[in-house]
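Data block below; observations after.
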Amino acid sequence: MKYLEFAEDRKFDLILLGRVAIDLNPAYNEKVKEEFKPLKEVNMFEKYVGGSPANIAIGVSRHGMKVGFLGKVSDDQFGEYVVDYFDNEGIDTSHITKCTNGESLCLTFTEMLSSSESNILMYRNTPADLQLSVDDIDEEYIRSAKAILISGTALAASPSREAAIKAVMLARRTNTKIIFDIDYRSYSWKNDDEISIYYSLIAKEADIIMGSREEFDLTEKLIKPGMSDKETAKYWQGYHAKIVVIKHGMKGSTAYTLDGQQFSIKPFPVEARKGFGGGDGYASGFLYGLYQGWEIIDCLEFGSAEASMMVKSNTSSHTLPGPEGVFAFIKEEKELYGEMVARV
Amino acid sequence: MKYLEFAEDRKFDLILLGRVAIDLNPAYNEKVKEEFKPLKEVNMFEKYVGGSPANIAIGVSRHGMKVGFLGKVSDDQFGEYVVDYFDNEGIDTSHITKCTNGESLCLTFTEMLSSSESNILMYRNTPADLQLSVDDIDEEYIRSAKAILISGTALAASPSREAAIKAVMLARRTNTKIIFDIDYRSYSWKNDDEISIYYSLIAKEADIIMGSREEFDLTEKLIKPGMSDKETAKYWQGYHAKIVVIKHGMKGSTAYTLDGQQFSIKPFPVEARKGFGGGDGYASGFLYGLYQGWEIIDCLEFGSAEASMMVKSNTSSHTLPGPEGVFAFIKEEKELYGEMVARV
Amino acid sequence: MKYLEFAEDRKFDLILLGRVAIDLNPAYNEKVKEEFKPLKEVNMFEKYVGGSPANIAIGVSRHGMKVGFLGKVSDDQFGEYVVDYFDNEGIDTSHITKCTNGESLCLTFTEMLSSSESNILMYRNTPADLQLSVDDIDEEYIRSAKAILISGTALAASPSREAAIKAVMLARRTNTKIIFDIDYRSYSWKNDDEISIYYSLIAKEADIIMGSREEFDLTEKLIKPGMSDKETAKYWQGYHAKIVVIKHGMKGSTAYTLDGQQFSIKPFPVEARKGFGGGDGYASGFLYGLYQGWEIIDCLEFGSAEASMMVKSNTSSHTLPGPEGVFAFIKEEKELYGEMVARV
Amino acid sequence: MKYLEFAEDRKFDLILLGRVAIDLNPAYNEKVKEEFKPLKEVNMFEKYVGGSPANIAIGVSRHGMKVGFLGKVSDDQFGEYVVDYFDNEGIDTSHITKCTNGESLCLTFTEMLSSSESNILMYRNTPADLQLSVDDIDEEYIRSAKAILISGTALAASPSREAAIKAVMLARRTNTKIIFDIDYRSYSWKNDDEISIYYSLIAKEADIIMGSREEFDLTEKLIKPGMSDKETAKYWQGYHAKIVVIKHGMKGSTAYTLDGQQFSIKPFPVEARKGFGGGDGYASGFLYGLYQGWEIIDCLEFGSAEASMMVKSNTSSHTLPGPEGVFAFIKEEKELYGEMVARV
């Protein structure tokens, strides 16, 4: 069964809106290996494109989907780096604009203390991504996509907040599906009420909502705190949601569909380089499956596999796999651990 | 027919949220008459409580309704003046808080060039009213009222914006009716898209919406521009609205009810002291009638009469009448101009 | 003996730099008398030009001196009011510029609780006067005056701070004398070290310095705290000062001259309407005498008389007297209290 | 002849005040060589301590001088890195404080296009170094040093500006010599008048002033534009300067002493890795010689040698030499190019 009917005559499969940044990770390659250590002791860093929706854009693009990006970058070499990188991946950058007041791209330095302990040191003082404004949101561009994906961090402050809301309003007007990836990051938010206000505003309009239990709790604070996963799914399906995906970290995740069904998946067993980065791989894989028209459980398995592949990597973007890579990984894991390794 | 069922067990008839300010009008009383002239030539000013929801609070309170106010004032003599004035009017001030960072109450100097030409000179740099924050919004207080009235100016900037949205979300949760008085003022807003975003957000939740045609156009910009009055009414009645009041200035106004009816009224003929201030009298009178359970047309007539009384006055607050005053005015006008003077 | 040799070929006697504001005083005239009371109970206010250097400009202009003003006003009716008022007084306004970012003139509401107790409620959030910038300071204009007067409040924040310093540097370059009226107001200053830094910077360049003992203490904090009046005078005379005037409130004031002499004066006995406003009258009178080439003690007596006249008035600007008025006042007081009424 | 008499009973030879930052240079070491290329194509970066006064502090400390640093760092791993690094170099960090409002250390990414073409991409939005405040400036600490060095960048914005001025005022009070390294960087300054105001303020108090011709032109803009090197030296020697060093880039530099002498030096011929970084080596070497009591020409030669050594390096701090290294370099160069290789 298909839960979403995408308008078929659209140029893009998906346009993503939100944060693109620069990751500066402790170097870890053939030449230099900065082993787990405090950040202050790291001497060499590798530069990558980062930011959750940017990662997902790269992920789905590598699966062959036609992708555009709605975002704001710095008017400097780092901004050009991002645009060049996207261009090279085949991602449409016609609607990535440059800051006009000297704002800089967000920088993320990651401290890797062990495979599960990590911290970030951010340069995020009036960052470029949050300068996205309503003037950057173009109805024709929204109309040219089957769906838009709103990454929740874009809602954390103005003017990006209003740009994201405008995109959602125009998506509804143009029959463009709305995917909401809650992607909560504490930075930039001023208080919990504000989070609930803006997350719920988007969640009410979304066709697909993806988030962790904690993220749904934040979303529902001013509406009805303490809902169970099933109640959550039902509540948002009372608005426009067809699929609600709720994640529980290492315990796995479940997709609730509008017809009352639910489908669960677990992570694949891997040795992690870092305790983060899986979520964007998950979203890439899951959305790819959905666009292929697969059964929900197969979408979930594909997403979970891609997530597991990413936590093994030193980057959250540059090593994202093509579909063959994910299939190969699944095959390999199943040979090692059995057919039901990730299925619940 | 009653379009709204208020919960009867509430302490307050109405809690208003939004701007309270100081009006400094050219003196015009028995002792001093500053005739129509440029502001720079005015020597003496009279101080009044001002701000649209503050005026309405005073208006309905003088009609005998039980009223509370949710707002923020300066921590100085002007803030105390407002609280003292409200206390004296019997308006509950338990939820009026003081600014903690030295912000000042908005000041409005009015330039009166003729009975129809006027300008304002505002001191509104980070004003006290816009410092209202989510922490000031208390679920129990919202639950203690039959309805809350949100004045649109509160949406113009953070943190007041989120405070107003939170109040609306809690009102929905506590079965407190929501009245949205659009009250557009250009100040503080950054662009038209932003206006449409936040006005429509509240309008979707409101049980009663009151605004001019221009205000509805602003509200609907990102949804469906160019709607007629009937389309507007129908659109918002598709959400929660039971009564939609659309004003056309001197041409009169019309209330559209959920049952498909419409009722129109015109202004009463008076000689104006100033071209503004009528709107708050209109709202006071109309809401009073509604709470009395009157027919819609009678509510409108009462509101229109109170509006006409206010444009004759040098203040928008201190001379607001009691119900007997309005009845007397209507009687007098009808004797002069006929029973149907204001009815269409 | 003359302590200062002014260049004689200058168009203006004095150009003053600094704050001009609007005073809104409780009305006190033939028609309306707002007696001593808390500000919140005052209903009617009278509008006046205010701000220390503005008052002094009006004062010396009424004594017949040729005066210009270097300042910034709001681009609204209040800004026009100030310029019109100055024009009418014969003060050159060619170098008063208008704010370009919507800043407002400072407003001062005075609370008069008794003839000696008063408070002010200020609207001074990014005020117009502090927007004076280096671009407003024109070497030719500085060169066209015998002296400039820097009012210390202009140093409280950027960009006005740098404008004032630039004016002083250009004055030194063009042989324009520098008069520093310390005029300390706590608002806008961030800490005491900052006050000492900027006051001392100007004091080092000034030919005449006028201030209270407390103001000199603030000035000297980072140099040598705890100096006596004589030490203070000697210290600044080690730089460029020829005359140092140190005030001790009701106890009187003393002028220390470069030749080691000192001259003292006391206030004239009057019944005060308010406990402030005398200082600007004092400066007007003292400077007038100095330009006339009078003996220092006569300059001081004239200044003290003008000060006493001002504390009796409801305004600090509009009732400033011409020289005949001051002479008449001195004559009257001496007849009442004896020739030495103010002399020590 | 000795031009400066340092108070001998001081704990520190020199305390430097100003900017400390993080340099992220394209990696260039045994393992990774990022050759000349646009910054956007650089994949790996090496992290170093940077900032002109920080480099000089390291430089003179490696020559055996007792050094302290007055600065502000971020309250994060990068701030700790700087303090750890200084501690390890033997630089006193007792007066390096941490930011309390989450400000970040300035980051400098260097783009190296050729040995002479380079650009920088800075993260310098409210940077930690400019948060140094008057409260961080302690009279006892200033008194504990023979001299303080003020790096001009500290004057670019408040509160660091006032901290630097306070340090200079206290240095004068405590007979601590004042060295002013103009070190002009365009960032943070608002206009040229402001530069002249604050540079000249410090230059008037300084015992030694070091800067390029362009930097002296900026300093003198509001005083007397267009001075020759000799006029410049004479002008500042009219205040407190004993030695004025004026640099002309590759053409060499000249020291003007209070007794009317002048001494010139040229760069040593080397192949540069980068077109910057020499200045801090120059200052380190020159000041070291001065403290040793050397003839001025020998101080200059030593400074010039250290400068040449630094432009060959990939960093401006970590490869600063000890005195033996500089002597060896001079010996080697002289053997290659002749005794007078750098002397004019």
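Order of writing sets the chain letters: A, B, C and D. Residues in each chain are counted from 1.
By our rule, contacts are C-beta pairs under 8 Å (C-beta built on N, C-alpha and C of every residue); 3 or more make two chains touch, one makes a residue touch a chain.
Not measured: the values here are computed from a predicted model.
Novice: Quick check: how many Å separate the C-alpha centres of chain A and chain D?
Specialist: The mean C-alpha positions of chain A and chain D differ by 45 Å.
Novice: On a C-alpha centroid basis, what's the spacing between chain B and chain D, in Å?
Specialist: Taking the mean C-alpha position of each chain, the two centres sit 63 Å apart.
Novice: Which positions in chain B are in touch with at least two other chains?
Specialist: Correct list: empty.
Novice: Graph shape for the chains shown, where an edge means the two chains touch. Line, ring, star, complete, or other?
Specialist: Contact map by chain: ring.
Novice: Check the chains against each other and report every pair that touches.
Specialist: The set of touching chain pairs is A-B, A-D, B-C, C-D.
Novice: Where on chain D does chain C make contact in their complex?
Specialist: Where chain D meets chain C, its residues are 134-135, 137, 158-159, 162, 165-166, 169-170, 173, 190-191, 193-194, 196-197, 200-201, 222-224.
Novice: Mind listing the chain C positions that touch chain B in their complex?
Specialist: Interface residues on the chain C side: 24, 27, 31-32, 38-47, 76-78, 80-81, 84, 104, 107, 111, 121, 123, 125-126.
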